[in-house]
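Each remark here refers to the structure printed beneath this line.
Labels for the chains are A, B, C and D, by order of writing; each one numbers its residues from 1.
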Amino acid sequence: MLKVFICGGSGYTGCELLRILSNHPEIIVTGVTSERSAGKSVTDLFPHLHKYSNLQYEPLRAGEILTKADLFFMALPHGESQIAVDFFFKHGKAVIDLSADYRLRDPKVYEKWYKVPHRFQVTLQKAVYGLPEIYRNEIRRAKLIANPGCYPTGAILGLLPAVKNRLINLSSIVIDSKSGATGAGRKADLAVAYCEVNEGFRAYAVGTHRHTPEIEQEVSFLCGKDIIVNFTPHLLPVDRGILTTIYAPIVKKITVNEIVKVYKDAYKKEPFVRLLEYGIYPNIKNVCGTNFCEIGLKLNERTNTLIVITAIDNLVKGASGQAVQDMNIMMSFEEKTALDTIALFP
Amino acid sequence: MLKVFICGGSGYTGCELLRILSNHPEIIVTGVTSERSAGKSVTDLFPHLHKYSNLQYEPLRAGEILTKADLFFMALPHGESQIAVDFFFKHGKAVIDLSADYRLRDPKVYEKWYKVPHRFQVTLQKAVYGLPEIYRNEIRRAKLIANPGCYPTGAILGLLPAVKNRLINLSSIVIDSKSGATGAGRKADLAVAYCEVNEGFRAYAVGTHRHTPEIEQEVSFLCGKDIIVNFTPHLLPVDRGILTTIYAPIVKKITVNEIVKVYKDAYKKEPFVRLLEYGIYPNIKNVCGTNFCEIGLKLNERTNTLIVITAIDNLVKGASGQAVQDMNIMMSFEEKTALDTIALFP
Amino acid sequence: MLKVFICGGSGYTGCELLRILSNHPEIIVTGVTSERSAGKSVTDLFPHLHKYSNLQYEPLRAGEILTKADLFFMALPHGESQIAVDFFFKHGKAVIDLSADYRLRDPKVYEKWYKVPHRFQVTLQKAVYGLPEIYRNEIRRAKLIANPGCYPTGAILGLLPAVKNRLINLSSIVIDSKSGATGAGRKADLAVAYCEVNEGFRAYAVGTHRHTPEIEQEVSFLCGKDIIVNFTPHLLPVDRGILTTIYAPIVKKITVNEIVKVYKDAYKKEPFVRLLEYGIYPNIKNVCGTNFCEIGLKLNERTNTLIVITAIDNLVKGASGQAVQDMNIMMSFEEKTALDTIALFP
Amino acid sequence: MLKVFICGGSGYTGCELLRILSNHPEIIVTGVTSERSAGKSVTDLFPHLHKYSNLQYEPLRAGEILTKADLFFMALPHGESQIAVDFFFKHGKAVIDLSADYRLRDPKVYEKWYKVPHRFQVTLQKAVYGLPEIYRNEIRRAKLIANPGCYPTGAILGLLPAVKNRLINLSSIVIDSKSGATGAGRKADLAVAYCEVNEGFRAYAVGTHRHTPEIEQEVSFLCGKDIIVNFTPHLLPVDRGILTTIYAPIVKKITVNEIVKVYKDAYKKEPFVRLLEYGIYPNIKNVCGTNFCEIGLKLNERTNTLIVITAIDNLVKGASGQAVQDMNIMMSFEEKTALDTIALFP
């Protein structure tokens, strides 16, 4: 049994990790940290996690917990995560970091968007971006995974086949995303109070969201040149789910069949990407609670625009599920272990 | 007192007309039709409309009701509306048609998108598109108003200043809209059943929605050349509201201040358009129950893209409120009569 | 024009007062206080209140604002309200207190449930409980109104005719209430975060809620003896509305018609109580945004139990609307002024 | 592998059965019927059930499918179910009927509440009411299970220990239940349209709901005398969950500790009943997607009333999950097989 530890387990991401890991036959959760909730049991915060009624939050004392696990899931705030990740990594532990700290390869880009310097650039170079659909082989050999952001997961999976195969004009990509409120985290904040979010809908951080450089880094990697994109996130009055609607002009006459073939080929072996029939569009409700990314395609022949729509559960494929998928790959477990579930519908 | 009649009053649009008109000191509702609910009282269908407890639905017998009113609001299904509108118009009545039947000036375009021929092309030429922000003078003199669609209202108001002032590249406009479920109408339909819509979010009619040619017609009119656009509607799990996020490349270097000035100038006298401070984005919750269109602006200088976000209540500015605004203009009532309300927040 | 001031205007109750008062032709709002938001404009907190864009929050300096208004609406936290109310009242101002501080006539009961002593017992004796359906005449002559709590409004209006007419056994009344989330106030609090409330439903403060003695006081007053009740509040995943389901055994054989007649007679002149047809039950959605209390009745003849169901909008009839109704009565304005609106449905 | 068949698989109950059974290692689903959707695949109706992409709906031809399975889950409308259940039962198949047809032991009571006669009274006498917490031993030996209704499950589990131990006055039990919209089934019906349910809350079938005699039958069984109860269902704007608040006077002075002990003893061995700490109340959100019934207790010492609050997921413990639990018991599988899951929170 692999011993795993969760650093930062009092948010929605941590609680979702615990839910998913409870189904995993090859691991055991040996501890979970929270500074603010230290001393409380997991079920004090999350009564539904009653399988963990004996697990208590403890403060993150890196030196002490080092020996308690083989793999550390890090769900700490960015900036804080840097240090702890570096510590466990240098001590030879497998680390999967759900924060943004090791996602951007260029520390200058990180500093520009996150307003803090990156202090562990050597370790940073060892991190693998944990999107299996691009980096499965690298993940297999990695000791440090930078688990992708929720928005980037939906955006990159929507763009990957089109970008790799140069179907689209890369200079005017529009990515319009809509996320459920769990994306904002678990916190006492008027901006996410029920009556402020319910029956509302709005954009935020237009053109300035920190997931923008992450999307750009991976899209650039896929096509081999520097790409910048328009990315607009919106806040949906639902708990879970991100729907991303992507628009890009096609570069030359191409048929629907050709587009569909490119997407089919790209994802035919992927266990967690489901390409819907052409003209069928995904609904976040159909992936709720699952690690799937569903993709719908439309070629608008009037405007010569390819429209790709993706749906994920931001807490699963957009965070904790993908982290478990990465662990499965790193540890040579069957990739779908603990993730082979059906959406809770309705 | 102006006598008004509502043809097709059993849907959400009709019920919203009755709500708004109940506050109007210069009119009296003399009747309301519904084929299916004929004989029932308005309060049988809508208990909250208890001020209308004496009003009963009657079948639409055009000849009989002709003398009962000076102005007819038509909220019939497209196709059906054509005939009744023509009848009342030819008999000299003022008509405000909330259906799509008289919105598209070119009957071939109408037939292409609505799959029925337009049989009243002479009358069609007399119709004025009832968006006061473009056609206030024409509305003043009109006898037949084609009340704009809900999506087009939000899209056109977002684009108007930029298009008129040639700030943007007109060949690659992306319009990504998200509408509350009242937009689907009041009907027994599994697709809008609570458990199918709640906690869900999805696109539909991607690139094929019937409001597309309506947006294109007006944008083309504003710039004097034929424009086609990318338009994608989505279904939001809320009752009311449309948020529209518009993307268009700017044509030359232009500053934020210049853009803001163009928008300010365009709307400074408009009673129902509110330009938000630059960098503030609208929320459908803030216009709920009102006739306002709120507009937020962002110039993405990394991508040279103008992003315009608009919010309306689809049942008010997107339907019944705009119809009353048009009536006020036609009848020389104060334009804000019955519409000068504050959003119900939260 | 009556000058009115709002002390404590940064919560949902204050914002709703501003919305309702914006429709009132006989008053002018001369100021609004908030300690935390002092210096900000009303529209900084509530963009939808753009009619008040020139109104700024100021700290509550009782001496300074004394001359600025004739009537003070007090929407302060309990405990704090005591002092300010006493001050304005003693200086001859009309005061409508939306807090709980002057609702309970017996200061010992107040101290027991609110855990603070009542320091202004002389003033307390002058307060009139502002439920017009019981105390309209007293309100007319009052200078200090204790505006009823939201739950008590729905519960007392449901019980009033049955209690006054001794239709029910008073010793085993069950009051099961369900409130929208605005009832919890506007605050940064994890317990009312969107993802905690949405898709959830739970009871709280079972048998211990502070509105219990308020309900008991008024029910006891109506029947002339000391009554205690079972009261259970629940949190509904909606913005607005309280539905209260009341159960009480009937004392003797009585027919449906007799019960209906008692309720009809009790409320026939009430402008804001609507008795629904027997067997029709109210929906909070039908009173949303209005000052109405709707009441449905059922005599369960199998169990000899009277079931009364009431619906109000907790922010209107349950708070700010009732406060304006009380003001209208005190000031001899037409009682329905600013309140004669139709629900926003859907 | 046990072969199971689902008769009536196009509703929410059928789709939830398929979801749960997909996790069951000891069974195989050999077919699923639907008259209206015959010929369609399961994924045409429910795209999220992609594991069943090869399974097609077929019409219910009882004779033909008889040999295809060992156990039949029946999720047909009441009245229809009678016949098919009788057929499969008489042919020696194990049958679990999710309809109401075999729940009421007295056919006269059935006819009175369901308005159709019961034509299979001999078979009816063989049916076991499938609430394991009362009838586990009988279920073990049964060939025909009448799966309990959703409301009765929550109500009976809340009452069981108190009734069996005579803690409460049985003549004035009040059961106030609130159910999510999946309880109304999957159908095109205006009453469950999104905009009619969202932001609303109402009671229905007050004192007349068909689950009333089912609750009464089992409560009467538990105490050995004829009990009638007040039962009021309400419609909650959520997908899943029933919260039931039960009120009953205690018969004699009893302490909190004694009550807690009675409940603890009653449920200490139950795998799917979780008694919460005294003073903690359940939330439907914490049981969403699970087979758990959570129970909270309060002794109101002011009114000498016991208040019991239960939460279940109406589609799981209230329907399909309980059906699988019954199957596990009948077939001597581990009782928690396929049901040992954690709630999807948030």
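In the analysis below, a contact is a pair of C-beta atoms (placed from the backbone, for glycine too) under 8 Å apart; a residue touches a chain by one contact, two chains touch by 3 or more.
Predicted model only: the values in this text are computed from it and were never measured.
Between the contact lists of chain A and chain D, the overlap consists of B, C.
The chain with its Cα centre farthest from the Cα centre of chain D is B. The chain pair C-D and the chain pair B-C differ in C-beta contact count, and the higher one is C-D.
Per-chain CA centroids place chain B at a distance of 46 Å from chain D. Work out the mean CA point of chain A and of chain C, and you get 46 Å between them.
Mean C-alpha position of chain C lies 39 Å from that of chain D. Per-chain Cα centroids separate chain B from chain C by 37 Å. For chain A, the set of residues touching two or more other chains reads 12, 182, 195-196, 198-199, 237-240, 283, 285, 288, 346.
Of all residues in chain A, only 172, 174, 176, 178, 195-196, 198-204, 206-207, 228-230, 232, 234, 236-241, 243, 245, 247, 249, 281-285, 288, 296, 298, 300, 302-303, 305, 307, 309, 311, 346 touch chain B in the complex they form. Contact residues of chain A toward chain D in the complex are 12, 15, 19, 22-23, 46-51, 182, 199, 239-240, 274, 276, 280, 283, 285-290, 341-346. On chain C, the positions that touch chain A within their shared complex are 12, 180-182, 186-190, 192-199, 237-239.
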